[in-house]
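Read from first to last, the chains carry the letters A, B, C, D and E; within each, the first residue is number 1.
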Amino acid sequence: HDDEITVYAAVSLRDAFTEIAREFEETRSNTRVVLNFAGSQVLRAQIERGAPADVVATADDVQARQLEAAGLLAASPRTFVENALVLAVPADNPAGIAHLTDLAAPDVRVVMGIADVPVGRYARAALERYAAVNGRDGFVGAVLDNVVSFETNARLVAAKLELGVVDAGFVYRTDVLASDGALVEIALPPQAAIAAPYPIAVTKRGAGREAASAFVDFVHSPVGQRMLASHGFRPAG
Amino acid sequence: MRRAQSLTWNRLALAASAAILVAFIGIPVGALIARGFIEGDVLAAFRSPVATTALWLSLATSAIAVAVAVVLGTPAAYLLARHAFPGRSIVDTLIDLPVVLPPVVGGLALLVAFGRHGVIGGPLDAAGVDVAFTTGAVVLAQLFVAVPFYIRAARAGFEGVDRRLEAVSATLGASGWRTFRRVTVPLALPSLIGGAVMCWARALGEFGATIMFAGNVFGRTQTMPLAILEAIETDVDAALAIAIVLIVLAFAGLLVFKALARLGGRVL
Amino acid sequence: MRRAQSLTWNRLALAASAAILVAFIGIPVGALIARGFIEGDVLAAFRSPVATTALWLSLATSAIAVAVAVVLGTPAAYLLARHAFPGRSIVDTLIDLPVVLPPVVGGLALLVAFGRHGVIGGPLDAAGVDVAFTTGAVVLAQLFVAVPFYIRAARAGFEGVDRRLEAVSATLGASGWRTFRRVTVPLALPSLIGGAVMCWARALGEFGATIMFAGNVFGRTQTMPLAILEAIETDVDAALAIAIVLIVLAFAGLLVFKALARLGGRVL
Amino acid sequence: MIRADIRTTVGSFDLAVDLAVDREITVLYGHSGAGKTLTLEAIAGLLTPRQGRITLHDRVVFDSSAGVNVPPQRRDLGYLVQSYALFPHLTVAQNIAYGLGHVRRSERRERVESFARMFGVDDLLRRRPARISGGQAQRVALARALVREPRVLLLDEPFAAVDSSNRRTMRRKLRQLAQRLDLSVVMVTHDLTEAYNVGDRLAVIDRGRVLQAGPRDEVFRRPATARAAELLGVQNILPGRVVGSDGDRVRVATGLGMVAARAESRPATDHVRLAVRAEQIILERPDRPSTHRENRFQVTIIDEAAFGFSHTLVVRVDDAASGAPTLEIDVPAHPYQVLNVPARRDWRIHIPPEAVHVIGE
Amino acid sequence: MIRADIRTTVGSFDLAVDLAVDREITVLYGHSGAGKTLTLEAIAGLLTPRQGRITLHDRVVFDSSAGVNVPPQRRDLGYLVQSYALFPHLTVAQNIAYGLGHVRRSERRERVESFARMFGVDDLLRRRPARISGGQAQRVALARALVREPRVLLLDEPFAAVDSSNRRTMRRKLRQLAQRLDLSVVMVTHDLTEAYNVGDRLAVIDRGRVLQAGPRDEVFRRPATARAAELLGVQNILPGRVVGSDGDRVRVATGLGMVAARAESRPATDHVRLAVRAEQIILERPDRPSTHRENRFQVTIIDEAAFGFSHTLVVRVDDAASGAPTLEIDVPAHPYQVLNVPARRDWRIHIPPEAVHVIGE
């Protein structure tokens, strides 16, 4: 291959991007896509220290914006897809959670992300919005009191749910889909619905490479979007 | 026997490879510290409640973990070193496994076993005892990940003790226990201390198994590494500042630990 | 001196604490394996290219890391054990630090030092050498995290060698090097092997520093732990299946390693 | 009272020892590799025999058929091992005090000091074993084994590393202690002089078997076998055939001619060996009349060596049958000078019949 | 040729040794803790003296003033350490072969086997040191030190753990080897008999100082100081005052009366000590006329003990001044019987003037 590009992507994009990259290579026989998956924060730290990324796709626009502010991107990041925050319970739903408000019941074990990671930020926002709209003071505090662990990424939340050691947690829809039935989604009330944007950008390093921007375009193309959709992502709205 | 000569040449080769290693470890750590000082606010970190609370929790849990490792690990190591029994090498190898498992997977394993539906966790849950997601779980996670280092070192130490001295102790009327305490342990001490130091250090730095098994709740299960990795999510430099707190603490702790051990070895 | 008696009572106490530890480690690992088998497809994992590619990469990198650890760490440990020099305990403690650092922070430190703008990485980059994000970086990350375990064990081993035997070797005309090779090393062998085993195991299980410093590129820097933790992102049970591959590999590897070492010790 | 009747195999070495020791000092004497140390280890409980029985003061501590095997720490004995095996991490004082765990602190200290003084190591009390000399280490080890005042004492070459004056003191202290405390002591040595000077009783061990045991003088004077005689330092052992006996005299035909020996009774077999110590053969001037009627031989000196203040002559009996052995004779310095031995080669010897011990094999 | 003139302090022990050894066997004799091992360690290079100079065959291996300090492995010597220190992880054969790294494989094997045979350990070659006896270990260690055929050989109590017959063989082999290879050997012993039997030359060491060194017989016959005499086993040391001398006779007034001694010249000082070996004093029947004119004393036996085949009598001189020392006399078994010593207490002794050595201090 005379053209190799490196794509740094959030781990939640693994399956979708692996497919997209294979398809992309198919269409451009002389191009190879090297994929590097890690948490968005790790990706940013690596790119800040000179990692050879040509394209970066994070699960969090905060990280992307910081990369842009540091002058490491060739262009502003564009949201290419959205994920949805959902409330998930283990398949057997041990605590019998049927609604968001059940999270405040005594002895329910809840997990969510820390406030500093998107999945945690979104979860808090969802709770607060719900409490505000419905005028339920103390609801957020009661739920937070039930939290047995604040995870640093969504997958740790999902993993605990899959093992059935906790009762409920906030994850992304893609996580529920990937769990092969181990997780069940509890529909969030519309007031609490939150979308998580996934931004993508060509880095400074990839600026000169035609394949890099071509890959970004491919992700945005109908083919790319279809593949993303099959893994539970929604088109950027 | 009192003072052997050493060729300068050999010494140079020794010093060179030691220097390479020291540089290899020292420069990254030094660079990290430098960056933390330049970009982060180390003083603030030293005073921040996040760091101090996590610090105390780390100290307490790692101390307990090491104590348990020593109490349970010493007899196990002695058994492995001194008694041949069927399946010994299987047991020996099993004890090493936690080191191989990525800590998060180790935490997963603990969660599977101690979780609500687990082999151990199930009955405990029925009895109303929660293990996962408690401070106790932090200790268990640290123990799981760190105890192999103590056992392996202790085993090597016990193997190095001259068995004639133990035999002589017995002829002097000493019970097995007294022999163990007065002869075997003191002679294996350098290895035991080395193992305990590594065990403590590993427990102190433990992250993956803890967050998986004990969760990450400020003041209850958030140890220093968890605090650092939480901080990294938003601000690398703030995280580095907390990391410096950990490094300073660990460095001082290790120095004190070793000095005390040397002293103890001499007094013994 | 040939066969000492042991009280059944003491043996029981020994066996009990060993049993607790074995259960504490064995049950979680067993539960994990059981779950992996029940819920995941272990056979498929054994054949999947993700697992096999990562497996070979893990084997190769950890073997190199251990080799480097032994080659550089042995002289360093000997120096620390045998020569008093100013700052010895500082150096000794510095070498332990990587154990305390959460691996991701360790990886960050390596990145800071070896990254394109780093103290070491800068000049290297200017010379056209890339270190970070290569397979070499995997080895460095493993070395950074695992070498302290080897050095500490080796140091304890060297301290246990009777210096009279070394003196006698010198009077028999043996050079310092020959004495080291023929007397010191064989006598310290149990500790050296123990250290190497722990070092290898730690390198094999290394995750955080690797993903930070070397990245996570399939076929190039994605080792088993990275593959497992990547798989966790989509399916815990698929990840467990890969973890079982790692456990089986490590278990077999450790057994073979120890058997070879015993054999070597006997032949030596 | 120690009784050990045991049998075991260590590597390719076969040990089958039957030993009885009373309230006294028994020396276990044998060459290097004879099985002395293994015997002590078995009595101490450090080596478990394949079969047999060991009793210490009427207490059965080992009995293979009854399944008894008391561990070393409950056999209540003192054991000085051949390699001393001092605890390297303890000071000399702590080494000596090691076995006194049950004793009150103040008394312990006193006892340690008195035993250290007894063996002349009282100025080393605060040193580590690495910082004392070989002989000092041996004395410390001895003090350590004795300070517990056990009723059974096993000593493996306790004086090998110490000089004669220390040795004399230590021997005396040991004897006093053994008497005062009514000890049963087994002391191993490879040194014949030592064996003679220390023991009440003597057991000769060779290739894992006790060849002979009994009161010291009895064993020395009347070795039971030719091998025992050889081990006991009898230089002249002559094969012969009993041709007659009258009264307490036995007449034996040997390569040297007829030799008369004193024996309580005619031996059971006619094929015998005669054992004669070199120092009991008397050298006479051939040109002076002899006062002895029997066992006179004309000899020629064929070799000689001076050892300390005595001289050893190797002589050939002039009328001996061809192939007959030569004889060794010890002559003290004074008669050597008075007789002026170097002046001539041809002499006469007399072998007192009392000095000829008949071994019937 | 070994020359060591060194001074150092180890712990609280002060070593100041001046020793010269020619192409022969020199025995370094001294009591436990005298500094023998430290001296050998200094020569071997394992102990660095504070000051002084050591030359081995004209090669300076240590010189504090010139800053020379050749490491042990390049001093080209063989050193048998007191504790054997066999390599526990190597077999007996590998232990012996250890120093033969430079030798071809086939030859190495041959040499190992021949030295093992020489010291009777050839059937142990494949065993580990933990599985052999103490005496066997010592012989292996000796073979290991000798097999390199170094020109300088340091032996620290090489025969302490072996029996007399092995000892005899080993001594002989050692002598042969020393002659064949033109070795300089320093052998340490605390055993006087050993010192006498092995060495060409003898050096007496006490408290870190060489008291006297010279040809063996010279040292034995003429100890330079009272302490040397005591160490060399002279039982009778009498203080006295020289009152006259004529020809080769010196007359000394002692507590026992006047004693005549043979001396080449009158000693430098009048206050002297007389050294007389117990075995050189002659016991005579008091009721028979004496053939000796000088040094006759009437004595009474006050104590006696039997050692091996000789008897030691402690006698008091009848006319001695009060507080005068008693004398020790050795009587061999034969004269003891002939004279029938037990029958009476009062005897006469004769001290040959040749047997009286005058020490001027």
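Keep in mind that, in the parts below, a residue touches a chain if its C-beta (ideal position, glycine included) is under 8 Å from a C-beta of that chain, and two chains touch if they have at least 3 such contacts.
Just so we're clear, the structure is a prediction, and the values are computed from it rather than from any experiment.
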item	value
Required minimum of steps from subunit A to subunit D, each step between chains that touch	2
Third chains touching both subunit C and subunit A	B
Longest centre-to-centre distance from subunit E, chain (CA-based)	A
Per Cα centroids, the chain farthest from subunit D	A
Intercentroid distance (Cα basis), subunit D paired with subunit C, Å	58
Distance from subunit C to subunit B - Cα centre to Cα centre, in angstrom	15
Separation of mean Cα positions, subunit E and subunit B [Å, integer]	58
Subunit A-subunit B separation of Cα centroids, rounded to whole Å	35
Multi-partner residues of subunit C (at least 2 other chains)	1, 4-7, 104, 108, 112, 118, 164, 167, 170, 175-176, 232, 236
Contacts with 2+ other chains: residues of subunit A	45, 159, 163
Touching two or more other chains - residues of subunit E	45-46, 71-72, 81, 83
Contact footprint of subunit C on subunit E as seen in their complex	44-46, 71-79, 81, 83, 85, 87-89, 98-99, 101-102, 144-145, 148, 150
Residues on subunit D engaged by subunit E in the complex (per definition of touch)	11, 30-33, 36-37, 82-83, 127, 131-136, 139, 156-157, 160-166, 190-193, 196-197, 233, 277, 279-280, 282, 307-310, 332-334
Residues of subunit B touching subunit C in the complex	1, 4-7, 10-11, 13-18, 20-22, 24-29, 31-32, 35, 71-76, 78-80, 83, 89-106, 108-110, 112-114, 118-120, 140, 143-144, 147-149, 151-153, 155-157, 159-160, 163-164, 166-167, 170, 175-177, 190-191, 194-195, 197-198, 201-202, 204-208, 225, 228-229, 232, 236, 239-240, 243, 246-247, 250-251, 254-255, 258-259
List of subunit C residues in touch with subunit A within their complex	104, 108, 111-112, 115-118, 121, 125, 130, 132-133, 211-212, 215-218, 220, 230, 232-237
Interfacial residue positions of subunit C with respect to subunit E in the complex	162, 164-165, 167-176, 178-179, 182-183, 186-187, 265, 268
